[in-house]
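Next up is a structure, given as structure tokens.
Just so it is clear, A, B, C and D label the chains in written order, and each chain counts residues from 1 on its own.
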Amino acid sequence: MNVQSEETLRATILDSLLSVAPDIDAAALDPHLEFREQFDFDSMDYLSLATALHARLGVDVPEVDYPKLGSLDGCVRYIADALSRRSSP
Amino acid sequence: MSAATLGATEALTREHGLELLAGMVRIRRFEERCVELYSATKIRGFLHLYIGEEAIAVGVLRALRAADSVVATYREHGHAIARGISMRSLMAEMYGKREGCCRGRGGSMHIFDASARFFGGNAIVGGGLPLAVGLGLAAKLRGSDSVTVCFFGEGAVAEGEFHESLNLAELWRLPVLFACENNLYAMGTALERSESETHVARKAESYRVPAATVDGMDVLAVEAAAASAVSAIRAGSGPQLLELLTYRFRAHSMFDPELYRDKAEVERWKQRDPIGALEDRLRAEGLLADADVAALEAKIGAELGDAVEFAEHGTPEPAASLAADVYTRRAGS
Amino acid sequence: MRTSYREALRAGLRDALRGDPRAFLLGEDVGRYGGCYAVSKGLLEEFGPERVRDTPLSESAFVGAAIGAALDGLKPIVEVMTVNFSLLCLDQIVNNAATIRHMSGGQFSVPVVIRMATGAGRQLAAQHSHSLENWYAHVPGLRVIAPATLDDARWMLAAALADPDPVVVFEHVLLYNVEGNLDPAIRSVDIDRAAIRRAGRDVTLVTYGGSLPKTLAAAATLAAEGVEAEVVDLRTLRPLDDDTILGSVRKTRRVVVVDEGWRSGSLAGEVVARIAEAAFYDLDAPPARVCSAEVPIPYAKHLEDAALPQPAQIVAAARGLLGS
Amino acid sequence: MPSLGADMESAVVTQWLVKPGDRVERGHVVATVETAKGIIDIEIFGSGVIEKLAAAVGDSVPVGGLLASYRAEAEAAAPAAARAPPATAPPEAAAPRPSPGPTPASPIMSGAARPPGAPPSRDSAAERRLVSPAARKRAAELGIDLASVGPARAGLAITIGDVERAAERAAGATGAQPAAPPSRTAGPSDMRGVIAQAMSRSKREIPHYYVGTTIEMTHAVRFVRTWNAEHPVTERLHVGALLIKAVALALEKAPELNGFWRDGRFEPSAAINVGTATRLRRGGLLAPALEAANRQPLPNLMRRFQDVVERARSAHLRQTELADATITVSSLGEGGAETIYPIIHPPQVAIVGFGSVVTRPWVIGGAVAPASVMTATLSADHRVSDGHRGSQFLLAIDRLLQEPEKL
């Protein structure tokens, strides 16, 4: 995975995040910090985020993995991993 | 006048006499039954009785042919029966049944019959006179020799339509016989209380319409006057008017307290009952026996009983067809 | 072909008298005088006094006589000088012509056509200027029509004569001198339907008779402001063509009814009521009416103008509904 | 300042459309004011000449406070009898809505402001918002709350075009342009005020009673976990959906908890529309309704639940969704407190509170063991129901949650 594609992925994830929570300030987002802390996310928000990511990227995140979607960095890591697993046999 | 002078100048055959008698008795019995049926609430609305005036309808209408036309008033049961409209058709109309001549739309005051060229009872006093003028105009424009008889009461003489119609009919020389049934009262208003000139015939003369005054209680006199007038009209004389002096024996409509006329006056006129007068003359001349009267009454009783039965068993016009015949082609608003 | 409304009516009369021996014209001064508004000028010479029949000033008798003749199957065409005079024969029209078919249980029809002038605009004051179309349009048994265009003036009489029932025809006095070209393609008109005289999407202007030219003028003014008004000419005042009226209102959602009659109890009120009953939920604004002021029509020109619906009022009413 | 609804106590003047000396006619819009529900036109209730503007733009004026005075025809200066329509449009559809409630009499309604001879009663036409019949019909078809639609210009009626434009904006907002709110749904700044008013009214007017119980959630939690392991993300469940469904089903047998208190009496609702109190990230909360929640299969209810929560948090709710609820559920969710004692949202008559699901010692089969449990509370209107009925209702919810597969 090259830098270019990670940036694209990050933008897509951020877009998905904003589609679920359009009221958050993307400029002030801290990629390391948990959404729960930054934006008061609850389980419904995580479910919505997982649904949005599934719609955009086709990645079905199991419920047990929701905690891994906790921050933007976490999301990028998890999704990139899932995508690479899917593309390689 | 007395019964002895009735139709003094007319020769009378038994057959002719019995026809006239039967014509008047049919009307009389029909209306007497109507009174009963009205009291039993089988007939509703206004019911204006012709009792006492039968000689006019019978006498005048004998002068007409099938192609002639009749325009009548709201007191028109007598005219309708004398013109040959069946008792069944009339009684069913009184009952408001679909078998009635107007399918229950007209009732007592609005009898119409196309086959009899009977253009209506008309409940607007004077409203029929212009129609008669129009029927006369149609005959003239067609070049036919048919005559229209227009019945109206003396009350209509106060309406403008009387004057307009007489003027127009004479102006255009139309074949119309204006038959004024002068029974002295327009509802409760005596003629002398409403007219400066109480001789209707004189009013007609002012329009140059030939006019005669006739004893309306003498069926033979009426018949003779009408025959003469109609034949002149048919020959192209233009309109004529007959003022037929008569009297209604009963109230204006079904009941009224008759405050406007004297009981003695009513009794006096009843002595001149046109039916009784004709009977008297026929008996006096040996043309009528008790058995004739009994046979006549039995026949009329049967006809009337059949008519009532027919009306009783008639079908009410369905309310769904309420709007029928408002227009020829459609129901619209 | 250049013609006037008056000439178009006359051509219709001539057609009728030529085409049907049962037809004849009668009325005050229709013969030698040539008609109060010169509509029947020349017809006496062509058809003779039996069929172009002058009458005395006896509205009840000659209208009643026409009804009587119609009862016997003739096709009389009566001219009553003005609607105001027709009140003298209201009895014959309302109590006889309109009722006899029904009262006789369908035995008799009354195929009479009664023409009368109506309306104001010629400074004839209160006894020659009124618009009482709604009086007749109220009565079941009558058909009431109001030709407002040259083509309708030309062809409506034939349609009226073809109707077996009594037809009252209203000719607005201001229309007699209107000139224009007849549409050669039109050889008959449908007196069951209203006509869309101008298509538009923003507001419906419903009118009839003498108010049609004013309403079209108002529509032109509105068009210059970008408002596309649809103009519905009722043509037949009874029975009303609900489908055309409602169809237009459902499209534009706004309606102004222009009626030279007085507002109270007016035909405009009837049109508005039907719209409210049948198209309430399609309306985007309350229906509006432009009617005559509730005064007997006065003589002086400026007063007469002030009493009558004018294009400016129609424009204002439409603007009011559009909030423009 | 006219009262524009029972919940309104004051409003901020946003614009004056007249100045002293202007002639005004009854029905003219003289000013606009901002209320919790949006910007509303103020109509004048009489005709005359404006004398003085008593409030400046930006001023908050309490209901009944003086906005301006005008000189009525042939009269001395009178307070401006300005009235505006209630912000809440009359009900459009069969579903019950909260009514605007009675309007308290205010000084501006009295005295010289009234035209001579006019009765002292309220003028309903002047209060009514002008909405065309076509606009009402279209709004009902599109599910657009008319309170969220404004006329093309102050003083005009709302037309079908206005409704359709509002619908287009709403459609656009839920699609590509999330930044444009479809309606004048209360924003964060005035959200607090709305809550304050509604809750003050609730505590002032509604005699609450409270019952509570602890519900074992082992089965429900396991059911959701199993379901979610077996289903893709688009079909997953949330415990909250089970709670809503249980409440809705239990309500079928507790009609006195479902409906509205209006005009001094209870109006039960045939429909069971469960409002879900949804916390917003920037503070405040909204309670969009899940309509006919008792009749929807759980997966459908879940999708709808997820949808309204998402849209509530992104300010895409329609006003109807806020007005339709016949009862409210307030659930604290995971990681929260164990018990909540919620306050009824008027004109509803009950609210159900669920605490966080926690692991606590629990007696199972005579022995104490760790179990997932949750506290359920009911706050209900004592004018309509009693504690015993409330208690039965909670126990019914408990029973339903023990068999989650049947929900």
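Note that in this section contacts are C-beta pairs under 8 Å (C-beta built on N, C-alpha and C of every residue); 3 or more make two chains touch, one makes a residue touch a chain.
Just so we're clear, the structure is a prediction, and the values are computed from it rather than from any experiment.
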item: Chain at the geometric heart of the assembly (C-alpha centres); value: C
item: Relative to chain C, chain with the most remote C-alpha centre; value: A
item: Of B-C and C-D, pair with higher C-beta contact tally; value: B-C
item: Distance between the centres, which are taken as Cα means, of chain D and chain C, whole angstrom; value: 56
item: Interchain centroid distance [CA atoms averaged], chain B/chain C, Å; value: 40
item: Inter-chain centre distance, chain A versus chain B - centres from mean C-alpha coordinates, in Å; value: 105
item: Interchain centroid distance [CA atoms averaged], chain B/chain D, Å; value: 80
item: Two or more partner chains touched - positions in chain C; value: none
item: Junction residues of chain A, two or more chains touched; value: none
item: Residue numbers of chain B (touch at least two other chains); value: none
item: Category of the chain touch graph - line, ring, star, complete, other; value: line
item: Each pair of chains that touches, named by its two labels; value: A-D, B-C, C-D
item: Residues on chain C engaged by chain D in the complex (per definition of touch); value: 253, 280-285, 323
item: Interfacial residue positions of chain A with respect to chain D in the complex; value: 18-24, 39-40, 42-45, 47-48, 50-51, 53-55, 60-64
item: Touching residues on chain B, where the partner in the complex is chain C; value: 69, 71, 100-106, 110, 112-114, 119-120, 122, 124, 127, 129-139, 141-142, 160-161, 164-165, 167-168, 171, 324-330, 332-333
item: Chain A contact footprint on chain D (complex, rising order); value: 178-179, 225, 228-229, 232-234, 236, 238, 240, 279-282, 306, 309-310, 313-315, 333-334
item: Complex contact set, residues of chain C against chain B; value: 24, 50, 55-56, 58, 60-74, 76, 91-92, 95-96, 100-109, 140-141, 143, 163-165, 238-240
